[in-house]
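Per-chain numbering from 1; labels A, B, C, D and E assigned in written order.
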Amino acid sequence: MSFLIGEGMTGGYGGADILHDCTISVDKGEVAVIVGPNGAGKSTAMKAIFGMLNLREGAVRLGERAITGMTPQERVRAGMGFVPQTGNVFRTLTVQENLEMGAFIRDDDFSDTMEQVFSLFPVLAEKRRQPAGELSGGQRQQVAVGRALMTRPDVLMLDEPTAGVSPIVMDDLFDKIIDVANTGIAILMVEQNARQALAIADKGYVLVQGRNRFTDTGEALLANPEVRRSFLGG
Amino acid sequence: DSVNVGILLGFTGPIESITPAMAAAAELAFSEVNESGLLLDGMTIEAVRGDSTCGDAAAATAAAERLVTSDDVAAIVGADCSGASIAVANNVAIPNGVVMVSPSSTSPALTTIDDDDYFFRTAPSDARQGQVVADIVWERGIDTVAITYTNNDYGRGLSEAFTTTFEELGGTVAINAAHEDGRADYSAEVGALAAAGADDLIVFGYVDQGGRGIIQASLDIDAFENFVLADGMFGDSLIEAIGPELDGRAFGTVPGSDLEGADIFLELAEEAEFDGSSSFTGESYDAGALIALAMQAAGSTDRTAIRDAMMSVANAPGEEILPGEIAKGLEILANGGEIDYVGATGVELIGPGEAAGRYRIYEIDDGDFQTIEFR
Amino acid sequence: MPLLYAAMALALILVGVFQSWTVALAIFNLCMISAIMALGVNIQWGYAGLFNVGIMGFAALGGSAAIIVSMPPVTEAWAVGWQGLGLAALMLVITIAAAIFLRRRYSGSGRNILTAAIIIAGYFAIRHFADPATDAIEAVNPTSQGYLGGMGLPVMLSWIVGGLFAAAAAYLIGRVTLGLRSDYLAIATLGISEIILSVLKNENWLTRGVKNVTDIPRPVPDELDLQRSEWFANLAVQLDMPVSVLSSIAVRGAFAVIFIVVLVLIMILCERALNSPWGRMMRAIRDNRDSAAAMGKDITGRHLQVFVLGSAVVGIAGAMLVTLDGQFTPTTYIPLRYTFLIWVMVIVGGSGNNFGAVLGGFVIWFVWIQAEPAGLWLMRAITDTFTFGPAMQSHLVDSAPHLRMLLMGVILLTVMRFSPRGLIPEKSAAKPLR
Amino acid sequence: MIRVEDVHMHFGGIRAVNGATLEIAKGSITGLIGPNGAGKTTLFNCIAGHYAPTSGKIFLDGEEITGLAPHELFHKGLLRTFQIAHEFATLTVRENLMMVPGEQMGERLWNTFFHRKAIAEEEAGVRARADEVIDFLTLNRVADELAGNLSGGQKKLLELGRTMMVDAKIVFLDEVGAGVNRTLLKTIADAIRRLNQERGYTFCMIEHDMDFIGDLCDPVIVMAEGTVLTQGHVDEVKNNEQVIEAYLGTGMKQRPNRAKAGA
Amino acid sequence: MEDILNASLVLANFVIIPSLAYGAQLALGALGVTLIYAVLRFANFAHGDLMAFGTMAVILVTWFFQAQGIGLGPLPTALLALPFGIIAAVLLAMGTDRFVYRFYRKKRAAPVTFVIASVGVMFVYNALTRIFIGTSDIRFEDGERFLIRARESREWMGLAEGLALRSSQALTLVVAIIVVVALFWSLQKTRTGKAMRAYSDNEDLALLSGINPGRVVLITWVIAATLATIAGTLYGLDKSFRPFNYFMLLLPIFAAAVVGGIGQPFGAIAGGFVVAFSEVSITYAYRRVLSHILPEEWMPDGLAQLLSTDYKFAVSFIILVLVLLVRPNGIFKGRVI
């Protein structure tokens, strides 16, 4: 029994179903990566797990609890964190305020965590008083990830965290993700930089047209020639 | 048996604050008729209200159309604002041959309207009042004035009539500026008016509207000595709102010839629980009464017959009829006699079917309107 | 959609049966004018996303064309005023020419100040010639004239002229304000419509200002003339109808026919434009200006185009309305009636869809008018069923007119509740958008 | 083809572009790389007319184009995509593509009233071309979907697709690759190469995927802190000390294998 | 010296004090509009009528207090009744949100849908207020009307001109300043304020941060209704209560909110004063001011008025348009949607 599991999820945005009996799970301390072609339903699966989509069938469980009916903000309080693919920063709030919003549900002193985020992404410290809407694409992505890290969740869900960030930052980011996972947090992420992502993944899912196509360890998927050819760019 | 009579007034919109009392006044006249049971062998009058909105000619026309064709009214009390009156007269009343008696349209343009004699009003044309105001101002030895008028045909017409007479008399108008009703603030207007150097301000506005706002603002910063008012400014709410500060500092005109009629009307209004001193209530009462009396004189509720009987009941010769005496009038008419309806405002219809324009000159003192004279 | 239109037709027919046919026709005519105005707004908002809250100004401007085209000229006023006005116009031309010349010739820091100086000087020069002339004109027979009058041409011509007036104003306004974004554009247009209205109210020499112009000629016969003519009286006898009723129906029917022709014509053009690459381009611009610009579309140019077109349509409707009313009363132009109500029509009908906008015009006007008797009826029903003290009773009766507003609001909210994207939503956006 | 001379773009006190000078050769596929916030997108925006630069000059084929409006530049053959997708949300994917060609006669209002036949013919042509592009980008399944409902990557593809609707001289691509599936990215690379060779398009592309850049681009320009750091062939650039320090990092680190570590 | 004093007294009496008070009234109204706009992202056309409704409740309670002989001495009794009016307005606003706006929020309707819905709400409020209290003009001010009276101050200072300052004017100014500072501070610094700003920026992401949208919306309406009632009551105290005027007040209020930069609390204040000052100062006839400081022979013939008050409303809007042309997003650079 995994810590977080979306089981047999079927549903869509009101029109035709996007997800068909799709199952995704991740355990504490694990990194799970979802890959697949564009429009496969990866982001949709993430949203479904986070309760931003009505599921026709299937269930989501966190720990031992069934959370299928919870609203997103309740899931946040239940210990889940999410960085969506688009629209993932508050554009009119400053960088610092964005990070503070990440810690919205925390009542303790979060200045430590903020310092950690700043040391991970030094540009953000520099730009802490600038509205996030004025940042460059890659800087925004860093704000978004930083915001999620502020939450100190039990499960961290990241939708393409490395899109648009420079190689050096991407490296640091992957390192950080490993660190975070090592503290016992479950990490579920969608990645198009799939080879790097699968390299650090305990578990990998290949989604195609809303269905689980391959599910295996990261290593095994990387080694699978069909997966490499069709989904990882050879 | 009953007959419908329309009451077409601006229940919503810019003059909505004075219409309920106007409608109540007209209905007071009808209920007097109905209680007497003397109209056309016990016929009763059923008042049907319609909303002219004052502003929107199209809505006014639609409401009138409904009154005339659907409710089949024999005549209409209304409309109120001159624009609405003209639209209703031209588009509905005249084509359908329905009598309109407007209690408050004072635009000079209505004097010359091609109305096939269906349009009457118990309010006089502004052209006359402007002259009267100019005369009394001049007689009091005031030779320089500032004018503020509400920016519509009423205010503008009055100010033009006043200016013409006043300048002929030798007076000077230091500044003549419009104000819009319903605005949030009138400091700018008062500032400009006060700077012109006149000590006295003529206010051609409405008592519940910009006119009062301007007087209030002027008093607050002590900008003028005296205020000259016209009929639109006549109303207890002026005194209530502003209080004793106006005592001895304001005078003006309001249509009316006889103190007696007006006083009786005030009492009647008090019994009927509405404010009889509010603008155009007397005129509304008279409009309603005239319609009923004309029906009686015509001996039928036929629309054209009502029109033809109108002038004879309103004017001499005949027994004078005051407010509260409608029953008496009905009786006289039923017996084939003649009456001269005087009513609350001293009705006297001239030429094209409008009030002749006798005015009561008043002064505000001791917290009330004090009558000085009539002319 | 046909169902909704049929329901609307049924509603009008019911009015005809239960109230009277003249009422139904009168409502129908104004429905059509409203529909045209709504189309104008739809062109701007539905096609291009321009938030114009200055409808009132364009409608009034269009309306003023009816005076200028159709009223007989006041020769006396022309005689006293033409020289002054001519000189003032000359000054205006000179000022503009000088300003343009200056801006072409000089560049640099002093340029704006110099232009401002020229414009101010020009303003005083214009006032110098115009003021005495306008005073003289306004002094000509002020109770019934006091203005220049019009050109004495057929009033239907004024519909086109009204459109042109509105278009010209929209061009000038658009040149200045179209750079602004949504809400800022809205408040700017709102302000400008108030400015237009101030001018129409205060420039008495031009349109008589608040003193109103009445008896504007009509494109249809006069009821009284009809009633007096013999053949018509005979017709009435044949049809077994009172002659006054028949004359009202005939006149309103004639108006209706003309209005239908105009509405259908405008509708055809609107539909063709919307369902073409042009319409696609406009929707693209509405969705994302930056991207449309990068795809080679001239945003400002196109915005100006639809702004002018939409305003022209509103102007046409404004002129038609004045023609129908037979009078021009500037004080009647208030934002609630001429701006917000039209917007309500567009949104309730379905913005971006011409048929929706037209239906919205019909429905909302119908409700606006019928809410009044409905409110009275409701209050009567209440006071008849329950008994109250006399004070309460009279208070309730006095409240009846306000039920009109209440009903209007409730109906509007109900309709929007059940079709939040309008009765007939925009076609391409058939799927829900997140 | 494009020459940028000492361009500055300042936002208040922030100097996003601070004296950039560079040249893009005709017929090349030039890569533009640099750390996040180096000013690459801002420079694109200056070139494409989205911003008027604070100072400096920009030339296209020797003609100065500084401060021209985006739509004017489009008609001069200069196209760009947006880093953050700017789709037309209430248009379908196909309509998104069909609206691109400039000078369509159906975009003139007068013609829509009176030349409906000719417009219909023209539309058929545009539609055919749009369908080709849709095929190529594997967007068939969503061709009639509203663009606002596309997935993140699909929007990116649409951005690219729009540049393929017309014959451009020079195309600026701002991170078309970010969020696009790597297998598809290979096909896109092929297409770019083909457009470059067969139709003579010049490309300038911002990208963070060094494989993609290495595969396609020559030369590569590196920006940092608003100015050009260096420029040259990919291999030179990759080995440039400054570039490694500021941008590339030390390359793929050897990470502990998580799957084993976790087990 | 005395001349200059006289001139500045005239200026203060006719231009500065009225504009300040009027500006503050507009500003308070604009604050409410701007807040709704900032958080819920639509222009609330019902705000004027919400003001009227709240004020109506205040008046009814004031009458009750007056009948009971409860008062505040020199201060108007209405202040005592204010909390009750606020509660009424808050309840109304919350009910409206529950039955009208919430639905559209769930549907994620376009902002213009909200705007038009607010027009519908405006009709309903409009009717409610009139049905409850009628349409007539009501004065409910009691207590001391003036802090300084023109005549008395003139005698007391021994100058040709006096100074007039009404208590309601002073009250309005003080309240406006307190309210805007409090609002600004709470938006910038408190957790709830930040949640409101975050929600307004990106609703989805706010959810992901654990913000409870229902609470944010609720608080927004509570504040907006409170502001509306305060603004309406102060305006009513200063002038008088007439439902129709509150509707008409909407235009300048919107103008103020937009010119200041919509969504910006300080912008609303600045906008209010820009509108008020431009209305008053441009159409003011400076003749009387000049008469104190210019020598006889320099006095201009006319009124020294830039533009006639006929164009007062137009002028303030021309200024608005000019401000927008120079600063397209308003003085404080408000948000654009």
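Points to keep in mind about this one:
In this section, contacts are C-beta pairs under 8 Å (C-beta built on N, C-alpha and C of every residue); 3 or more make two chains touch, one makes a residue touch a chain.
As the structure is a prediction and not an experimental result, all values here were calculated from the model.
With every chain reduced to the mean of its CA atoms, the largest distance from subunit C is reached by A.
Taking each chain's centre as the mean of its CA atoms, B is the chain most distant from subunit D. With centres defined as mean CA coordinates, subunit E is found 30 Å away from subunit C.
One finds 75 Å separating the Cα centroids of subunit A and subunit B. Averaged C-alpha coordinates put the centre of subunit A at 46 Å from the centre of subunit E.
Residues of subunit C found to touch two or more other chains are 201-202, 398, 402, 404-405, 431, 433-434. Multi-chain contact residues of subunit B, defined as those touching 2 or more other chains: 14, 16, 20, 151, 178.
Looking at subunit D, residues 149 sit in touch with two or more other chains.
Residues of subunit D that touch subunit A in their complex: 11, 14, 33-38, 40-42, 83-85, 138, 141-142, 149-154, 156-157, 175, 178-186, 208-210, 246-250, 252-253, 255-259, 262. Note for the complex: subunit E touches subunit A at residues 191, 194-195, 197-198, 200-202, 204-213, 335. Those residues of subunit C that touch subunit E in the shared complex are 45, 51, 176-177, 179-184, 186-188, 190-192, 194-195, 198-199, 201-202, 335-336, 340, 343-344, 347-348, 351, 395, 398-399, 402-406, 408-410, 412-413, 416-417, 420-421, 433-434. Those residues of subunit A whose C-beta lies close enough to touch subunit E in the complex are 50, 52, 71-73, 76-77, 81-82, 84, 87-93, 97, 100-102, 104-105, 147, 151.
Within the complex formed with subunit C, the residues of subunit B that make contact are 11-12, 14, 16, 20, 23-24, 49-51, 55-59, 61-63, 65-66, 69-70, 81-83, 86-87, 90-91, 94-97, 107-109, 112-114, 116, 127, 151-153, 155-157, 160, 164, 178, 273-274.
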